[in-house]
Amino acid sequence: MEGILMSILGAIATFLLAFVVGMTYGGIRRKVIARVQNRYGPPIYQNFIDAFKLFSKTTAVHHGAMHLLGPAFLMVSAVVALMIIPVLRDNIWFTNLNFKGDLIFLIYIMTFGPLGMALGAGQTGNPNSAIGVTRGLSQMVGFEIPWVMALVALMIKYNTTSVVDLMNVQNEVGQWLIFQNPFAFVAAILASLGMFRYAPFNIVGAPTELASGPASENGGKFLFTMMSAGSVFAFVKLTLLVDVFFGGASNLIELVIKTFLLYMIPVMYGVVNPRYRTEQAVTYFWGWPLLFGFLAIIYSVYF
Amino acid sequence: MNIIILILILFFLGAIITAFSGKISALVQDILFLIVLVVPAVLFFTGVDMNTESIITFSQAQLTFGMTPLSYYFSLIVMGLAVLAGFYTVGQMNGKKRKGYYYLNYILSIGAMFGILMSKDFISFFIFWEIMTWASYLIVIYNGKNVQKIGIKYFVMSAIGAYAMLMAIVLIHSITGSFLITDLISEYTGMTQGMQLLIPALLLIGFGVKAALMPLHIWAPDAYSNAPMSYTAIFSGALSKMGIYGMVIVFLSLLSKVPEGALIRDIVAWLAAITAAISTLWAIKQDDAKRLLAYSSIGQLGYIIIGVAIGTPMSIIAGLFLAFMHGVFKSALFMVVGAVEKQTGTTDLTEVTGLIRKMPWTFLAALISIIALAGIPPLGGFVGKWMLYESLILSDHFMLVILVFFSSTAAFLYCYKILFGFFLGQEEKEWAHVKEAPAIMIVPMVILSISSIVLGTYPQLILKPINAAMMSFGLPDTYGNLWKESILFNKWGNQIALAPIMYGIMLVFVIVTIFLFFRNRSRTRYVTTKDISTSGEIIKEHENLTFSRGFFQPFLRAVEPVMKRQIDKYMLSFAKGVEDLFEFTRRIYNGNGQTYAIYAMIFLIILLMFGKNLLG
Amino acid sequence: MVGSPVLFVAIPLLAAFIIPLTGMIWKNSVRIIPGLVLAFMFALSISLMGYVSEHGTIVEVIAGWKPPIGINLVFSPFTGFLTMLMTFLGFMVWLYSYKFKRNVDFEPSMKYFILLMLLVTGSVGIVLTGDIFNMFVFIEIVSISGYGLTSFYTRRDSAEAAFKFLFMGAIASTFLLIAIMIIYSQLGTLNIADIAEKMPLMDNKLKVLSLVFFILAIGVEAEIFPLNGWAPDVYTQAPGPIGAAFAGIVVKAAIYASVRLVYTMYDFGGAFDLFIIIGLITFIVAETTALRQDRLKRMLAYSSIGQMGLVMIAFGIGTKEGVYAALFLMFNHAIIKSLLFFSGSYLVFNKKNKYIKHVNGMGKYLPITSVLFTIGSFAIIGLPPFSGFWSKLAVLTAAADSKMVILIAVILIISILEAVYYLRVVNRIYFFDKKEKTETQKPSINALIAMICLGIIVLVIGFYPDLISGYLDRAATDLMDKGNYIKEVLTINK
Amino acid sequence: MEKYLDILNVAIYGSAVLLMLIGLYGALTKKSLIKIVLGLSILDSGVHLLMIAIGYLKDGTAPIFSAGNEEKMSVMVDPIPQALVLTAIVIGFGVTAVAISLVIRLYRHHNTLRIDEIKKLKW
């Protein structure tokens, strides 16, 4: 009984951590963008304020069952992904469900939420939502390839599909995987540009074109759910990258530092780039990232 | 009498009786149809075991029937789908013309599939294979649309496959002196190297046609999409699996025994991977739900073939598992499309919109099946894909992994397209009259979708027969210790259950759903899909804003170079060229009697010139 | 013994003389007597087959002159089997056309039935006779009755077809005579068994020359490739059932003659290869041509020629399995092609040009005929569980046992074409809409019975091939055993 | 004497072959149906001549067995070719008759006797 209680508490703690970190990073991003654009920008905690505001709003209308369920799918997927990812190395509190944190499982569970969300967006009948969804899916096909190639390179090299195993490998060798297979890291980080959907890959939301795309018919608690799920996802992705390429983190501070530095890459890349068109976004990933993916695989097979 | 023979006779006599019972009354015919499907299934599950064997002797051949663990596994697919799709068929065919014709061929093809699975020798295998082919051919052309093009294409490809198989069979007979499959297996290693490669290659061509392996797939999109949907469920769900069944035998019992086999296996695996990738792209392009699913089927069969071809224990389990799952969810999806077609009269994804509130059960079935198809974790499709990736990575087929990953990611695109196209989007007046399909059609779909969920949670339900089948091929016993073959199951203990994850997901889902769904549903009111946020405009009732045309246009622009070349077109132009050549040969007969006489003289002179050779 | 093989020739010839006389008294006797004669011949062949399977070959000596001097008829398991097949088909053709021209005057039908009877008699004579000159005579009987039957309809272009047939036939008979005379001048005998025994004595050059002339002469009737220009025209222009009679009876007799030459009379090893080459060329050219036909009967005719090519190939394999397969093919082809001609005639009944497109939508108007045509098509393509499958399997197995891999491949590839053009027709029958407003003709009851009989045979043999495999096996053994044939004929003492 | 025989042999066989070639030439090259039929007839005659020649024996007697001339058996002309020729002539006659009647039919139907214009049935 106590075990169950502990694990539930652990899960809640992980969630809170991911929520807070994700939200804060979002705030920092807004600030950074503003500073680059020579604006003052909102305070870093602005996201928390927004979230609270949205949460306290009452929703008045809905468009049907899928519409109601869409954000739920998103949240479920985010939470489950969070539960599976090893947040910290050898730490009881954040273990949750991550028996060994299977990478393939993780990749798939992370697509589950956006797809559910897409269905919810579809039922609203707003054409912008559907357009956004198609763009998002197309882009996903784009970045998934180099991303998977990077991961496969590692999986082949170390003959495992487990995140925990990969972390252990780095510990044993004493060298992070980013140095052992830099090509894989480059491919992964280029793919993650698309995964974060920041400029120039923000074709899904595209506020000026699509009026926020899939989110356009949502407000209040729906939007809150989506927002928090997005934050959690950001955290999950960053943690995953850290786990795989930077040997994971043994305590929270290390985790925050590593993830923050990683987070800055897509943010900075986005700041100076305008938005791509959809096919540009797709083919972007089939250029250099794909090449690095191949190099990574060749490197891990033959070296 | 032997029970297998009894079942076969039941099928074949039942088919004929059902066909003609339409003269009495339509209801009697429906009931007979169901009886003919259900009774053999019951007999099969209660009466047939591995020991039943029966032999019919002809002067030319000896027909041997019996069950192997592998055929038991495939029989589960065939029998289960036949019954479920049977009920669905009764609903779908209600009031249609030529029911007798349809029922006849339906039952015949089911009986033939059963016969294929029960055959232990190549002659009965081939006989049933051909019965299956022409019965399904007759159903493909049932709708009478573009019959010459589609039907002939299907039949020609089938004939190419069947004749390749027949050639292999007679070669086997000339070498081993027997038609028994077991004799081939036992004498295979002693053959010459040429035969060792030729026979499996020919057999693979035969099976590859039915399994829609590129470049033998060109019949599939048309045939799948033109048959009535209740049969396409069988077509894609069960009939294509006959190709897989044969491939399993070829790969496991023949090619794995010789070193040269690895080459063929790799070639087939690559072909299958390319099939999967390209057909997924084509599926994305389709605007017709039937064609979309047809291409999707080809792609999914590609995964299965990869699994079977790679040939590690894990990958074969993956392939067989996916074969079952594909049967389950793809049939459900074809049934969904059929239900939509029956209710709306069209399957064009750009026309039909917003059916979710009119056909909720259909939508539910579609949703679950799509999730399974996309391979998203809790459901059955994922388990198979997971094992497939795992085995590919472990056997160092890294480029195949990428291709498979690419196609299964791209599969999300068409998955979304089909759900969105039919069920989501704006609700239009045009479809306001649409009602939910009759219960007899809904129930099979729902049962199939529930099985997707159950099999995702308790994959051991079918891993057990798979394991038995694999052990019959001399592979190690993996049941209960599958984790030894795998690295991913290690810390999961020696359980192959996804249950903990499943429960975890369910728990979170329920919590969030309660939080959002039920709370919000009671507190909010429903507004129509016309009442949406636009930039200040008010949408009129007749305006349809649903985004349905050119759905993935940008994506398709991105992948255009790959899709420019179509094997289909090459083959058609080849066929046309050949026919033109024949137009030339027929000019030999120019109608002038004197010319014919001159031919005769030329013939005489040629014979005299080569007269010496006659002496031999 | 119930009867004597002589009756196969005597009775019909006698009847042919009597029929015009009885016709003056009782008109219907013109129709009925040929039927009775054919039925009698069929019954006789069955009873003789029973006798033969127990007591061995019957060699019937005519007018007391013993072979090699006298004329003799040989009723062995091989020839008996063919006789049975031909007489059965003859009877079926008669049954099918019993009401033929009933509404028209008496004169044409008299000709028709007498000629039909003579056609069957001549074919049976070719098979049964034991010497080559009688073979020539019977071939001429068949040809001349064939010319007559072909030009039966005066409205169509039948004279043109008949003239082409006659032209080829006349040249063929000339060469046949020359060949016979070469043999006779060298060996001094006309008896097949005697020739076979003395053949090693003959000069090689003359041997080749005579065989070449024989092949040219018999090849015209056997419809082998460059000599078959007349065949499609004849099949198209002759009355429908006569197409069946040609495909099922005449060609079979000619094939028999060529087989007898190569297997028994000559001792050439290379002749088997020649059979394969000729057969293959015939098969390929005919099937490819059939693919591009737009008239139903022409298509069936080319298909028939192609099947004969396949039979030649099977005989050319030269093993017992090959002969078995060839005989099986001949049997199946006779039954199935007759079924196709019978039912096909009704599908395009009353149409002037008998285009394939005329069958559009006939499935609704003539359900039974259409089903029978479909069964026939499926059977001839070789789809199981119809009878055609077993013969195709037998051919392929025989070829495989002789290690002719490429031959198998070619046969199978060409078979795909065959499937294509038959299915095109079947598709039209069921899935195209009938456009024109010409009336369709319901088959008369006797025609229906004939067609259904053939259809049932196709199905029964398909499900249980052992029904005839015993006959085939004995026939194949008989043909392969050359020494036995010589012995049986030459040591007859009676 | 021997030489004379040879010349005779050559003459007979030669004329037979010549007749056949003439007939063949006529049948294969002439466009008129009548000429073709005539060609066929000539071809036939050539063959008949050949057959008779084969059975010919110099100074032979009629092949009639009767009491007293058993010793003449060796000088009898071979009877079989003669029998065959009779049959062949009859058959040839029959064929020619049918051919001529067909030619009449053809002329009525097509209004021409040129064989290269009578080809409605082809391909």
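Just so it is clear, A, B, C and D label the chains in written order, and each chain counts residues from 1 on its own.
The definition used in the following text is that a residue touches a chain if its C-beta (ideal position, glycine included) is under 8 Å from a C-beta of that chain, and two chains touch if they have at least 3 such contacts.
Remember, it's a predicted structure, so these values are computed and weren't measured experimentally.
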Of all other chains, the one whose Cα centre sits farthest from chain A: D
Higher-contact pair (C-beta pairs counted), C-D versus B-D: C-D
Rounded Å distance between chain A and chain C, as computed from the means of their C-alpha atoms: 79
Chain centre separation in whole Å, for chain D relative to chain C (CA means): 29
Distance between the centres, which are taken as Cα means, of chain D and chain A, whole angstrom: 100
Rounded Å distance, chain B centre to chain D centre (Cα mean): 70
Residue list for chain C, restricted to those that touch at least two other chains: 160, 163-164, 167, 171, 232-233, 289, 292-293
Multi-chain contact sites of chain B, meaning residues that touch two or more partners: 586, 589, 591, 593-594, 597
Residue list for chain A, restricted to those that touch at least two other chains: none
Chain B partner contacts - residues on chain D that touch it in the complex: 24, 27-29, 31, 36, 115-116, 118-123
In the complex with chain A, residue positions of chain B that touch it: 354, 356-357, 360, 367, 371, 374-377, 382, 385-386, 389-390, 393-394, 396, 398-399, 401-402, 405-406, 409-410, 412-413, 415-416, 419-420, 423-427, 487-488, 490-492, 500-501, 504-505, 508-509, 512-513, 515-517, 520-521, 523-535, 545-547, 551-552, 554-555, 557-559
Complex interface listing, chain D residues touching chain C: 20, 24, 27, 33, 36, 40, 43-44, 47, 50-51, 54, 80-81, 84, 87-88, 91, 94-95, 98-99, 102-103, 105-106, 109-110, 118-121, 123
Complex contacts: residues of chain C adjacent to chain B: 160, 163-164, 167-168, 171-172, 175, 204-205, 208-209, 211-213, 215-216, 219-220, 225-227, 229-230, 232-233, 268-274, 285, 288-289, 291-293, 378, 383-385, 389-390, 393-394, 396-397, 399-401, 403, 405, 408-409, 412-413, 415-417, 419-420, 423-424, 427, 430-432, 464-466, 469-470, 473
Residues of chain B that touch chain D when the two form their complex: 586-587, 589-594, 597-598, 601
